[in-house]
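After this come two complexes, each holding chain A, first together with chain B and then together with chain C.
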Partner chain A sequence: MASASEHRLRKRLLKWGHFIGLFLAMCVICIPGLWVVLNSFRPTVEIMAKPPVWIPNELNLDHYRAMFGGAGEGGIPVWTYFRNSLIISVTSTLIALLIGMAGGYAFARYKFKGKAMTFVMLMATRAVPGVALSLPVFIIFGRTGLIDTHLGMILVYVALNVPFTIWLIDGFFRQVPKELAEAAEIDGCTRWQAFWKVEFPVARAGIASAGIFAFLTSWNEYALASQLTRSVSSKTMPVGLLDFTSQFTLNWGGMCALAVLMIVPALILTFLVQKHLIAGLTFGGVKG
Partner chain B sequence: MAQVHLKNLVKSYGALSVVHGINLDIAEGEFVVLVGPSGCGKSTTLRMVAGLEDISGGEIVIGDRVVNDLPPRERNLAMVFQNYALYPHMTVRENLGFSLKIAKKSQGEIDAAVNEAAEILALTPLLDRKPGALSGGQRQRVAMGRAIVRHPDVFLFDEPLSNLDAKLRTQMRVEIKKLHQKVGSTVIYVTHDQIEAMTLADRIVIMRDGHIVQVGTPLEVFENPVNTFVATFIGSPPMNLLPGVAKDGQIVLADGTAIPLPPGYKLAEGRRIQLGIRADNIMPEGHALPPTAHMAHVDMKVTLSEPLGTETVVYAQLSGTEVQAKMLNPRPVQTGEVLRFAIALDKCHLFDADTGLSLKA
Partner chain C sequence: MTRAKLPPWLLLLMPAFLILAAVVLVPLLLSLYSSFTPYHLTRPETLWKINFPFNYEKALTDLGFWKAFGRTVLLLTIALNLEMLLGLGLALMVSKVQRGQRTLRTMMMFPMMFSPILVGFMFKFIFNDNVGLVNNALQSMGLASTAIPWLVDGNLALFAIICAEVWMSTSVFAILILAGLYALPQDPLEAAKVDGCTPWQSFRYVTLPFLMPFIYIAMAIRSLDVARAYDIVQVMTGGGPAKRTELLWTMIGRTGYVDARMGYANAMGYIAILLSIAFTVYFFLKLQRARRELGMED
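Let's turn to the complex of A and B:
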């Protein structure tokens, strides 16, 4: 009996240890984010205070007001940056998804010469850090007039995301048994209909997750954007953050406010698409 | 309903040839079973009929159309896959009605057809579930329902029962047979299980290594196997084969045991043969069927016995070969016991020792 209760105690301790460990890990992940959100509502004095003020004395919207205010009072063209970010991220994500679906499907379903090699090369491009290419890209874009344009940034992000979307979507199409499309073809579908009516919906969860990843990559990318954008006509929000630095000061509060504006749409999108991410959709229709 | 004709059908993957010129004529409403060991080309043949594989050579005729170059959707057939291939994102109702929806039938027509099929297959209570929430047997029935709603010319089945447990398999086998009797369509059914083949088929097509070995009704292939492959493949337990030599109107086995030549065979002196005896035709005396005009007797030592209730399968040693025999009205048998067995010679088969071909005139 004693050993049984001892065993139960140990199990409970283990469970609590588990909780505490998870809590600490979540703190490490979340606190910087929360700190950013908090700082965006606090006066600069409090942000800069030493030792840090943990419990805020005063919360206000000053930084947001200033950010959206005129150029003289610390305002920046938030809406333009937001629009640039949105146009560039959404378009590049859609293109990367389309290419990713075509490529992923081809890799998953068809045999062709040099398939393995092509795939490896595609993945190898991921090993090259994007910034390392910024100078060549800068020169090419300079010659072709793509510097500081939406099109230029879209091209860069499509190139950045395509290997990843292909890889991810290939994996998801592999999980869709090919008999599903065959059954659809026998049921009267063309090859094209079989894809859109059966294989695509079944792999939808995977395609949605590839979409989120691609979107977040473009939305948050800073290094390349900072090189290839110049003016308000194409600067994205991460690059816009630098508007808060001046020669001698850093406007931390303003930066935090803009950062919050960046985080919110990404969070909303993730939650929206999340319901499509229910796994296990492909299982059950077939038994192997 | 339609006839199906395969003429010199060939399939090769690059240099690898897997189906070598198959000829088969299937009558309207016939239930034909392709049976053979795994890898012999049954699925490939079926998939060529379905239009899922390109044809490397020959011709497929369904009804009166050569369908070689038609895509699957224009062949008006239905197929049940081994893994069922139900659409996981659709309910059972949508799965059943999918082909009609693609054919742009009215919602009223679709509902009527789906309800009818669901009725036949007892799927009505499951119509609003997704395939993921069904048991194996239910998925199997949905797959069949999806096939019958379309009233296709030809049904194709590729090992539809091999994912079910033994009991369910027997049950579904009966349902498939009843279904065929009800709808009367032409059926091509692939299996590696000879019992399924025997019980379902109007005609069995036995395949091996991409060739057809024998075509016939279940009884024909059982009673007149063309070679040792068919003889051992069809029937359970498999036919016993004993090597021997023809001498003085007798067959002399390897250890010198002499057995009279079965009636109807004429052999040249010294010809090397294999004697084929089914377990049903070699039985211990006193536990055998009534003797016929041509009987032979041998003594054998029992090595193992498998009681099955109404009969016992007795394993015994004859001329260095393990032989399976059936014991009717069984009594307990000891290993090592020597029993006298009666062989019904008129039911025995002789095959050439080298080619394995039947020597029946």
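Let's turn to the complex of A and C:
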């Protein structure tokens, strides 16, 4: 019977080990974010306190008030940054989706020579490091006057998002059986009508999640934006974040407040589509 | 009516080709050309002078460049492998949970939503020697008597950067591997059990080969954007202290924008671009081969 009880003990140990491991992993994942959220509500004195104050004595909205008050905290125009980010991200996402739908459809429904190669080439354009790409784009935009404009940023982000959008949407169109569209064509639809009436509605959720992915990329991008935007009129929030830093000091509280403002929209959008996101990535990849 | 002769697939892909040509291809050609010139931002006429191998020779004989290059490859190797292992571990743990798995999965996706620049800033805060979470915790628990200069010491700074990078990207691996575990067919696993495999053996010879394509997908997705680490490094250390966390990308940025030596920066940029594309193509080919082995191809 010794081995049976030993077996039981080992099983219990494994169970506890599993639980503790999981708990620690989740702590590591969540604590940095929570730390930032917490500090956005704490007065600067308490953030800087030595020895550290672990249990907050005072929580207030000072940093948020200063941030939205405009000229308060060094006059960082957070609302303008927010608006720039929103305009640039939404527009570039919509355009990237249209282009990506056309491209994804082509990859999912047509056979042509050099398809695999074309696909890898498309992806390779996405792999170009932002900072290396920004150098020539900076020179060209400087000459054509696109620098520091919304239009310039939108163009860049569309190009950045198109390859990945094609990959995801291709995966979703593959899941729609060919026969569905063919049946519609037999019933007298044109291919164009068949697409909008049959294939698009079936793949719609997937396309939406590809959109969210594109939106997040534009919303979060920094390497290109930091060089191609110069003034308040086109700076996006990731670039604006650096306004809180100066040579020797950092306004931690204010930075945390802006960080929260950046995360919340991303958080909401991601929760809305998380299921489709995983499906899209794996379908696109495994069965592609 | 030559337009009508275009095959439909080409017509559909045309907008994608056009925008990529305009925003990626043409600039890349320009950067290739300007990497042959001593182009200096403040002196436009230098764009027309060709001094072909000079910039490349200069980069390839510069010790600082090779150090940054080596550091970049080292960082990518460590980070990608760690992310893969941790992601695999995390996915396996989450897949064993009976209740509340959805919540755990959602929590797991949390770091994916963060902007890399935000991750950099967050870890700069956490590793700050004065007010950071890590030092505060260590000192409160009595594990360290003085503040540890995380971001000031070269090696510790590299460690902190890897922490940030791994924190941000492990979830990509975990999510995709988890999706693979859900799709895992149960029959071979049961057969392995009947044949008397130990849990380790059935993991090693049944589960892992099946997961490989999913791991390669994650690798391929990650390799598309390895240069995201630039944002993190830029905000955490800016390549410092004394260039000891300098990566290829921060070096390019500084040479191009701060020193305004665009020609030289573009030459280094081209080397970085080739490195990134090599990574991407490598993993895409691996992915295709793994797919073929499992018979998942169309």
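Rule of thumb we're sticking to: the second predicted complex is superposed on the first by the 239 of 288 C-alpha atoms of A that agree within 3 Å, B and C clash if a C-alpha of one lies under 4 Å from a C-alpha of the other, contacts with A are read in each partner's own complex, and residues count from 1 in each chain.
Going forward, a contact is a pair of C-beta atoms (placed from the backbone, for glycine too) under 8 Å apart; a residue touches a chain by one contact, two chains touch by 3 or more.
These numbers come from a predicted model, not from an experiment.
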| item | value |
| --- | --- |
| First (chain B), second (chain C), both or neither touched by A:182 | first |
| Which superposed partner A:158 touches (first chain B, second chain C, both, neither) | second |
| Which superposed partner A:222 touches (first chain B, second chain C, both, neither) | second |
| Partner chain(s) touched by A:59 [first = chain B, second = chain C, both, neither] | neither |
| Partner chain(s) touched by A:190 [first = chain B, second = chain C, both, neither] | first |
| First, second, both or neither for A:120, with chain B first and chain C second | second |
| Residue contacts with chain A in the superposition, chain B compared against chain C | C |
| Contacts of A:29 with chain B and chain C, given as first, second, both or neither | second |
| Overlapping contact positions on chain A, where the chain C interface meets the chain B interface | 281-282, 285-288 |
| Of all residues in chain A, those that touch chain B in their complex | 177, 179-180, 182-191, 193, 197-198, 201-202, 204, 280-288 |
| Parts of chain B lying in touch with chain A, wherever the complex brings them together | 50-52, 71-73, 77-79, 81, 83-89, 98-99, 102-103, 130-134, 136, 139, 146, 150, 163 |
| In the complex with chain C, residue positions of chain A that touch it | 18, 21-22, 25-26, 28-33, 35-36, 39, 47-48, 50-52, 54, 98-100, 102-103, 105-107, 110, 112, 116, 118, 120, 122-133, 135-140, 155-156, 158-160, 162-164, 166, 216, 219-223, 227, 238, 241-242, 252, 255-256, 259, 262-263, 266-267, 270-271, 274, 278-279, 281-282, 285-288 |
| Chain A-touching residues of chain C, taken from the complex the two chains share | 7-10, 12-13, 15-16, 19-20, 22-28, 30-31, 34, 89-90, 93-94, 96-97, 104-118, 121-123, 125-126, 130-131, 133, 136, 139-140, 167, 171, 175-176, 178-180, 183, 213-214, 216-217, 220-221, 223-228, 230-231, 234-235, 249-250, 252-253, 256-257, 262, 265-266, 269-270, 272-273, 276-277, 279-281, 284, 287-288, 291, 296, 298 |
